[in-house]
Amino acid sequence: MIKPVRVAVVGVGNNTSALVQGIAFYRQTGSLGGVRRPTIDGLGVGDVDIVAAFATSPEKVGKDLTEAIFLPPNNFPRLDCDLPKAEVAVTKGLKDATEVDRVAKALAGAEVLLYSAPSGRPETAVAYAQAAREAGVAFVNTTSDPVARHPAEVDSFLKAGLPLLGDDLTSQFGTSILHDTLLRLLAERGLTLVSSYQVNLGGTEDFRNLVENPNTKKQSKLNALSTADKVQLAPLGYLPQLGSQKVAHLNLEAQGWGETTVSLDVKLKVHDPSGAAGVNIDLVRIAASALRRGQKGYVDEAAPLFKSPRGTAI
Amino acid sequence: MIKPVRVAVVGVGNNTSALVQGIAFYRQTGSLGGVRRPTIDGLGVGDVDIVAAFATSPEKVGKDLTEAIFLPPNNFPRLDCDLPKAEVAVTKGLKDATEVDRVAKALAGAEVLLYSAPSGRPETAVAYAQAAREAGVAFVNTTSDPVARHPAEVDSFLKAGLPLLGDDLTSQFGTSILHDTLLRLLAERGLTLVSSYQVNLGGTEDFRNLVENPNTKKQSKLNALSTADKVQLAPLGYLPQLGSQKVAHLNLEAQGWGETTVSLDVKLKVHDPSGAAGVNIDLVRIAASALRRGQKGYVDEAAPLFKSPRGTAI
Amino acid sequence: MIKPVRVAVVGVGNNTSALVQGIAFYRQTGSLGGVRRPTIDGLGVGDVDIVAAFATSPEKVGKDLTEAIFLPPNNFPRLDCDLPKAEVAVTKGLKDATEVDRVAKALAGAEVLLYSAPSGRPETAVAYAQAAREAGVAFVNTTSDPVARHPAEVDSFLKAGLPLLGDDLTSQFGTSILHDTLLRLLAERGLTLVSSYQVNLGGTEDFRNLVENPNTKKQSKLNALSTADKVQLAPLGYLPQLGSQKVAHLNLEAQGWGETTVSLDVKLKVHDPSGAAGVNIDLVRIAASALRRGQKGYVDEAAPLFKSPRGTAI
Amino acid sequence: MIKPVRVAVVGVGNNTSALVQGIAFYRQTGSLGGVRRPTIDGLGVGDVDIVAAFATSPEKVGKDLTEAIFLPPNNFPRLDCDLPKAEVAVTKGLKDATEVDRVAKALAGAEVLLYSAPSGRPETAVAYAQAAREAGVAFVNTTSDPVARHPAEVDSFLKAGLPLLGDDLTSQFGTSILHDTLLRLLAERGLTLVSSYQVNLGGTEDFRNLVENPNTKKQSKLNALSTADKVQLAPLGYLPQLGSQKVAHLNLEAQGWGETTVSLDVKLKVHDPSGAAGVNIDLVRIAASALRRGQKGYVDEAAPLFKSPRGTAI
């Protein structure tokens, strides 16, 4: 019997809700629906225990993790399964580097620190990475804040003899991968792209933030698309009614033989937090497995799961 | 200056209309919009001359090719370019093996015979292949009738020192390739397919035939889809108003992490004859190039462009 | 306190399942979501008791109604509410006029006979109408089989002093009403319709029957559309995966000022049995109210809820 | 033979392009495709002459009207017809009230002044109205700037013995009317709206302005929708590739009987300038006809064609 992975998580938002509930769901149902990798080095999707959680919201701190994941603004739905109490009280997250020791102590017993807070606080990300090293645990950075892109950080983990994974997870499934696949398909078949657009609508707090500060994300998405000059992203729309579901409308107009028209209209509906959790479950297993076999520094095996792996310019 | 490919074509339907008009269009405009392979062994898309054409419809026989391609039931639209007279009168096609010699004589001067008649008359396909061998020209079978799947036919072309390409061309872009790509993408990302459907609507004579005799095509399409048991093809719909345009509605319902719902709805609009002509232009250039360099028998280079290449069970 | 309507129902298919479950749902939740008329002459949607049920399927006969409604081929989903046992055993339906007396006796205590069997057995419909008269109950014909269109039948109910409602209920919401509304809107705004199509996909037994015998229904639908000559109905598609849900794809192509293009693409998803039950709940209340106040013969108040009210040619 | 209406137009944008080209198109083709009212008081859609035009863009001033309508940022497409020179040079528009006399003189010979400039300059609108009165011509305000909503303005036209029409034209066909029709349909059928959204994408200069100053328009649109609290408008998207075409994605989620799900997804494509011109052609005919028969003050007959007719709060 394999020992379950012991994970501490930073951030008790929708993504953590999806991860925590999903683990319970798969343990109970035995289902593998929507699971990309049933086992990684012998570890199943149910072989993951959340042993600590950090959050900044005063409402969440002190609550049991399985209660905190349903507090607003979280709006990932309740999955159809029982959710036994985690017996893990949410701990106050760190504000600055002076609190690294406190966090490191709270990591006792964990093997992996999954950094899943909102993006946009690079110093905080680096401070948690330091805490992970002090506590002797592997670090996974799912945010776009640079950690694994810092050569100095990679070095520190190498010296500490610990695995580092990051940065910026690629969702299991979402608008970018879909749009990109369709653009590639047209190119492959010799169709000439005339124009394309993408409209994203969502109802999470993340989406509200993106709508209020659209530029960063928009640009990074454009870069990911293969024929970017003809592809336009319309402004994101925050529609609270959608909850944690994202809706995307894609259009591709192209030319076939004789410049005749080919047009494609797509509507995608997907839960963003599921897209994150479906990758996080792989990342924590890869990280734990790397730690257990003594692998040090950047973990190349996980690089394809990130938008900005080691070597990406900051 | 490379010598243009001299092509004889069997069938003066929408696909031939798209081919003939497209060649004129690209010659005039210099555009490469919608062209998959600008050159093949030095041959551009304008380096193709149609030197003979065979048809069975009494209305088309005797007409100049550039006039015959607009006769009903053809409904591929007029492309936006001048179309100089072909100075090729449409010849009466063969009915049975007794007419092979007549056809072979009419092939004098051609390098490639492009067999682009409606599917469903296997003996006719084989008779034209024989005529091609007698005339010393390469043979391209774009229909689903078996020619290149017959080992005996491959042998005959090998002995005759002539290239053979077939069977059943894969469109440059259409519902199958799109549906297949999306199914593969979901599988690749670890999503679990719950159900999927595909509805095809079209307005060509081919479509009317498919609607009246749906079983064969339906089955062959299903085989091409990777997760066939959960994918359903709704009955084809013949809507004359669509002309040569095909409309397809695709739906894919899947599960992501925690069995949360992922749904995809797609509408595709595409001109089927363009999809055929965009591949035929490659096939005749590959065939001519093979002939010119003395390649004999089945041409493996063209195999990826066919649904039933050599070796496929009949 | 108003006395609940006592209804006997012929047919224990999806429509009856939706009716029985819906009544329980609204009683429990107090919701009015999806209810068109909260009260009719003081009768709420919960003021309806099913007191008898007739079916022909041997599997359903003898079972409690609340059990029988979930037997195949029924596939209307379970609504999210408790469903107390009906304490009504399903009775064997009549096969021919010799069994009218048996059925009339089984109607003792009922006020309304809701005829909700599959269409296509006109003699059976008329026999149940006779049983209703013998038992002194109002009759509602929801099928397209002619009852209320027969002047003789209207006369018989008039003489019997009983209400008659029919024929062929108009769904609360469906493809026809939507398509018609859009066609009317375009016409009203002065747009010129160029073409339009409608594709219907469904997964019920009714749908399977329509697919196998498409002509009747198709024609009757076409008649209902205002600009029928430019509107085409593609073949219906039976997709079992859809369950009791219907999916329709509608397209409308029109011209605005200067003959510029206006196009509309619509996807509709709706549960057909809900569309029937949402009207049946009104019909049985109108019928009971008419009976209670002594109204005789055809009930004009209900005519707008039928496709073929009194006076329609047979 | 009826005398053609003599119209002066303020604003040489897309809407004027659509109007000018459309008149030529219908004169040449004799078509009535997309025409809402073939005749108004005997006046056909071809019975309109543009006799003067005012613009502020230095590039347009001095050019013949039929040339100016194609200058950027205008992007309404060329209609498929010859466009004879208008022999009307675009005149410099007025900047403030000091130029009213100059404009009034330039209106000599006109019967109607069609005010079709961009919204947002209320003083300018009022100044043109004054010029119309001085010149003795009817005034049509198609913008949302208040003119006909000012009781003082109505009075002035009454005293001047001239017709006044306004404010803010309702497009012949667009997202609002479509969305509203669908919301009304659901309500009429007793479905309960759960949520609805509307995304508008466009490529005109008007659209760019709306995207940069979204609040006003958004609010006014919301007011027009019947169940506004559950309907959300996502941010508008400016996509230059769309040209003068607007694309809208609408979604409506509702409950039917038993709170089962009903969902509607709609994609609309329409040329906004055609929607304006298709109404402007009616407004100028109504205005001229009113002038000819001596009608004074606000013209009630035209009120239904405006979003803010007389009596609307400013």
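Labels A, B, C and D are assigned to the chains in the order they are written; within every chain, residues are numbered from 1.
Please note the rule applied: contacts are C-beta pairs under 8 Å (C-beta built on N, C-alpha and C of every residue); 3 or more make two chains touch, one makes a residue touch a chain.
If you're wondering where the values come from, they're calculated on a predicted model, not measured in any experiment.
Peer 1: Could you say what rotation angle superposes chain A on its sequence twin chain B, using C-alpha positions and rounding to the nearest 5°?
Peer 2: Answer in degrees: 180, to the nearest 5.
Peer 1: Just how far, in Å, is the C-alpha centre of chain B from the one of chain A?
Peer 2: Centres of chain A and chain B (C-alpha means) sit 45 Å apart.
Peer 1: As a quick test, compute the distance in whole Å between the mean CA positions of chain B and chain D.
Peer 2: 49
Peer 1: Multi-chain contacts in chain D: which residues touch at least two other chains?
Peer 2: Answer for chain D, listing residues that touch two or more other chains: 265, 267.
Peer 1: Per the touch rule above, enumerate the chain pairs that touch, sorted by label.
Peer 2: Chain pairs that touch: A-B, A-D, B-C, C-D.
Peer 1: Can you list the residues on chain D that touch chain A in the complex?
Peer 2: Touching chain A: residues 194-195, 197, 199, 201, 211, 230, 232, 234-239, 241, 247, 249, 251, 265, 267 of chain D.
Peer 1: For the complex, give me every residue of chain A touching chain B.
Peer 2: Touching chain B from chain A are residues 18, 21-22, 25-26, 31-37, 77, 79-80, 172-173, 177-178, 181-182, 185-186, 189-192, 254-271, 274-275, 277-278, 281.
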